[in-house]
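What follows is a single structure, and I will ask about it in a moment.
Chain lettering (A, B, C and D) follows the sequence in which the chains are written, and residue indices restart at 1 in each chain.
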Amino acid sequence: MTQSDLTILSNREIATSVYEMKLGGNTISIARPGQFIDLKLDGFFLRRPFSVCDLENDVLTIIYKVVGRGTEHMSSLTAGSVLDALIGLGNGYETSTSGASPLLIGGGAGVPPLFMLAKALVSQGKSVTAVLGFNTAEDVFYKGEFEGICSRVIITTADGSCGIRGLVTDALTEAGDYSYVYTCGPEQMLKAVWSKINTSGQFSFEERMGCGFGACMGCSCETLCGAKRICSDGPVLYKEEIKWPTPA
Amino acid sequence: MADTRVTLCGITLDNPVIPASGTFGYGYEFAKLYDINCLGTFSFKGTTVLPRFGNPTPRIAETPSGMLNAVGLQNPGVDAVISYELPRLKEVFFKPVIANISGFSIDEYVQIAAVLDKEVQVGWIELNVSCPNVHGGGAAFGTTPDSAARVTGAVRRVTKKPLIVKLSPNVADIAGIAKSCECAGADAISLINTLLGMRIDIKKRSPLLANKTGGLSGRAIFPVALRMVYQVYEAVRIPIIGMGGVAGTEDVLEMMLAGATAVGIGSANLVDPFICRDIINSLPAEMDKYGISRLSDIIGGAH
Amino acid sequence: MADTRVTLCGITLDNPVIPASGTFGYGYEFAKLYDINCLGTFSFKGTTVLPRFGNPTPRIAETPSGMLNAVGLQNPGVDAVISYELPRLKEVFFKPVIANISGFSIDEYVQIAAVLDKEVQVGWIELNVSCPNVHGGGAAFGTTPDSAARVTGAVRRVTKKPLIVKLSPNVADIAGIAKSCECAGADAISLINTLLGMRIDIKKRSPLLANKTGGLSGRAIFPVALRMVYQVYEAVRIPIIGMGGVAGTEDVLEMMLAGATAVGIGSANLVDPFICRDIINSLPAEMDKYGISRLSDIIGGAH
Amino acid sequence: MTQSDLTILSNREIATSVYEMKLGGNTISIARPGQFIDLKLDGFFLRRPFSVCDLENDVLTIIYKVVGRGTEHMSSLTAGSVLDALIGLGNGYETSTSGASPLLIGGGAGVPPLFMLAKALVSQGKSVTAVLGFNTAEDVFYKGEFEGICSRVIITTADGSCGIRGLVTDALTEAGDYSYVYTCGPEQMLKAVWSKINTSGQFSFEERMGCGFGACMGCSCETLCGAKRICSDGPVLYKEEIKWPTPA
């Protein structure tokens, strides 16, 4: 983990209330897909965590959905502004376990980290399928970007206005055979994926955070391997260690 | 040269800056970020007899200029602290550390203190008396002068290390409680712990924290903390570790003028992990600005 | 159409928004800025038997997301309020108003309440029990259940108007105090008054306020206020006016979900004189956003 | 009093730690010299009061000294930023009482309101003398501006590095005869002026404020005519009504 002052290069709405922000600066401590950064925003006490969506030549991309005052404030920032960020946070996804044909499953604001992951897996010569779930056609983002690198991209929308009607789990048959699963999304989705897939996999979780780097115990969750901090022992947990608060 | 040293219960600190319990783990997460030997000392995570997971999540909420936490004393238990955490800390921190301990009965406090009394790395024992007293009906030990004195007195008998009692601010008469801890044998008072607060999730129509209430910390509480340090300074003769909302070098000076010998920094570490190092580095220049050559000279200077 | 009405002790308010005592004068300064008849009602400046200048200046200090005040109940005295302030108010405000009163003895409270009981403009009498009780050794009436009950009971006997008791947050057990006011005849509880705080002038090495300590208000205290409203709601059956740090429409909703029937807005008026009007105007849209058709439905909704 | 969103037109350092800020927008409620505006600054709870220094064609000038975090923040603002202001606050100076040759006495950050006052008096055909006191030559500002409109401008500096060495009161003999006094500056200076002048006059005070418009009683002072609020009954008090906290 390092502290870095990142300059906003661009900040644009790419789907309803969803923004892509490109940031420039020292990103050296970002080591893996699935890691996140933690942004200090003027007027807010706590930092805001966002997954790294892409990293190319020190240009870091995040994609965020406006859900509250902090993200609303972010949406008003313009190119040239500088943000104080903690970067290289979290364990990130381990790509060596993926097998030849990993399946990536993302839901809504959980889609972003899968993009950097897909790039890493593809660069290792793997055939990547991505299932990306949204509520409606207007929420869909990065379809083209994923199609540019993945072997196959399946979109699901709850109302059927784009791709398959239904949830990401409704697209599993369509997705065919896969060697491993990487997923990120709302907890209900993770739970459904966990109970439906027939391989091992890695699941990325969200939790309200105090620090983001392991100091405060604010983000702990119980796993079958003991208590873990989502921010530093996670956000990625292995399928085998997950202990759902209520039975899945 | 600006002299930043202060003396806390006979042990001289290079400077008064002390990361507060619960915001600095057992130290080595921060040791990866900077050399933590620059600190006066630090207070490690509140430790209990048995390992605790703490409360269900969400445990954290944001508030104007502050935050709520309801971590609920997650810690590996005193045995693991001694066998695992302290040896790891020894590799990166070469000064005496403050052992922050919590119990749900007087016996538990006594038990942990007796064990930690034998650890050479432990310079001071800090009793967090803001825990619910399960045997006394659930109210915290720290909310009446009597219960605070009882736990202080009991622990006093099992340790020769300097004994710090850390008080809860959720009381009407902080000075009375501090005084009764002093009488019961406390060597220092540390204050304030968090103010009890709440946030509500409007969409869900329920408290945002799974635990419903949480402890308010951060800049918002600075004026309350400062007032309590000022009041306690007039009531006791033992030194005070002042904390609550400190987030900059001038805040450290205000706390000391109010009566603090050393100054704890909590939540600010979570938002800016380098803040204690940065404050320590800026102390000499800030002292110059206000014509202070020996920092210890200003303790209680506003009285 | 969103229904913003709430009922406070039998009197229906068009909406729950009530400028808090001490931040709205006797109303007509704000009447120059907007038509204050849009308000639910408001609570006028704390009034005492005799005119008071209050404390020496400085009486105001800034804090993170808040402020300290040590005005010390400056007011023209109850006679001038009746002969001068209320007649002026009558020209611009056509709703019943809350009369906020303070005393330094039970007799003083009784005396003012008895006089104001005869004023038709006064809809409710609000006892501010955060004043130092000079006859009881200086502690505020509101810091023990006993003293709070005694003053409530005494005033109860001289007025038929709905009696609101306004509590101090500087206590360990707010629910206990509220309960004892209810038993003594209070018709509503209003909370919170300011938290006791301090700031220090580093250059002068002395407290910034001439009075040394002051009352902390503003956004910083919102989570503490919300927690206390939540706790008191579980302890009493009478309605609550929730206040402390409210500065936006969502804060009003949070307060009501915690248990407030009406919501006081204090310091925010000082920084943004139009805030009460603006919140009232935005209530219907905000209610729509959260699927609320009758605002009174959400009172205590987070329990 | 009105609320107005003012746009910063310029913001430049004109003496050591002293800045001149020009603001554009609706300034209609400013009626008199000696009134003030109250600025909301991002990240600060209370507004910051500043005297109107000049007002020409809806361009409002303030001059402020950096003394704390709020004014430091202001010094970093750039043209184009918008500030939420309450304007037209306070009673301001009454010019009708001035006689033919009023004397204006300003000290440091108390100099700004005297500029708009000088313009008003001159436009009424009066012969204005200004005594402006500073600590040292580097602190002096608006000397030329005052010289452009006043019959006479006397500068004093505590160290003698510009104009007369000493305090403003040391320049009273030099100032010659005057019909009336208008003054603004630190309380010690006001007190000294009060005890030295041989005419009537108006004195502008400062006090820490909660609201700035008469609602909170935060800024009260005792006068011989009863309690007054500096923000709304003041900041200008008549010589005859002033009651000094300690005997002058």
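Everything that follows uses one rule, which is that contacts are C-beta pairs under 8 Å (C-beta built on N, C-alpha and C of every residue); 3 or more make two chains touch, one makes a residue touch a chain.
Since the structure is predicted, the reported quantities are computational estimates derived from the model, not experimental observations.
Chain centres here are Cα means. That of chain A falls 56 Å from that of chain D. Mean C-alpha positions place chain B and chain C at a centre distance of 34 Å.
Chain centres here are Cα averages; for chain A and chain B they lie 36 Å apart. For chain B, the set of residues that touch two or more other chains comprises 61, 63-66, 219.
If you draw each protein chain as a dot and join the dots that touch, you get one closed loop, with every dot joined to exactly two others. Contact between chains, as defined at the top, is found for A-B, A-D, B-C, C-D.
For chain C in complex with chain D, the residues that touch the partner chain are 22-25, 29-30, 32-33, 45, 53-54, 56-67, 69, 71, 74, 218-219, 267, 269-274. In the complex of the two chains, the chain B residues touching chain C come out as 61, 63-66, 68, 139, 143-144, 170-172, 195-200, 202-203, 205-207, 212-213, 216, 219-224, 226-227, 230, 245, 250, 253-254, 257-258, 290, 298, 301-302. By the touch criterion stated above, chain D contacts chain C in their complex at residues 1, 3, 40, 44-47, 86, 207-211, 213-222, 227, 232, 245.
Listing the residues of chain A that touch chain D in their complex gives 42-43.
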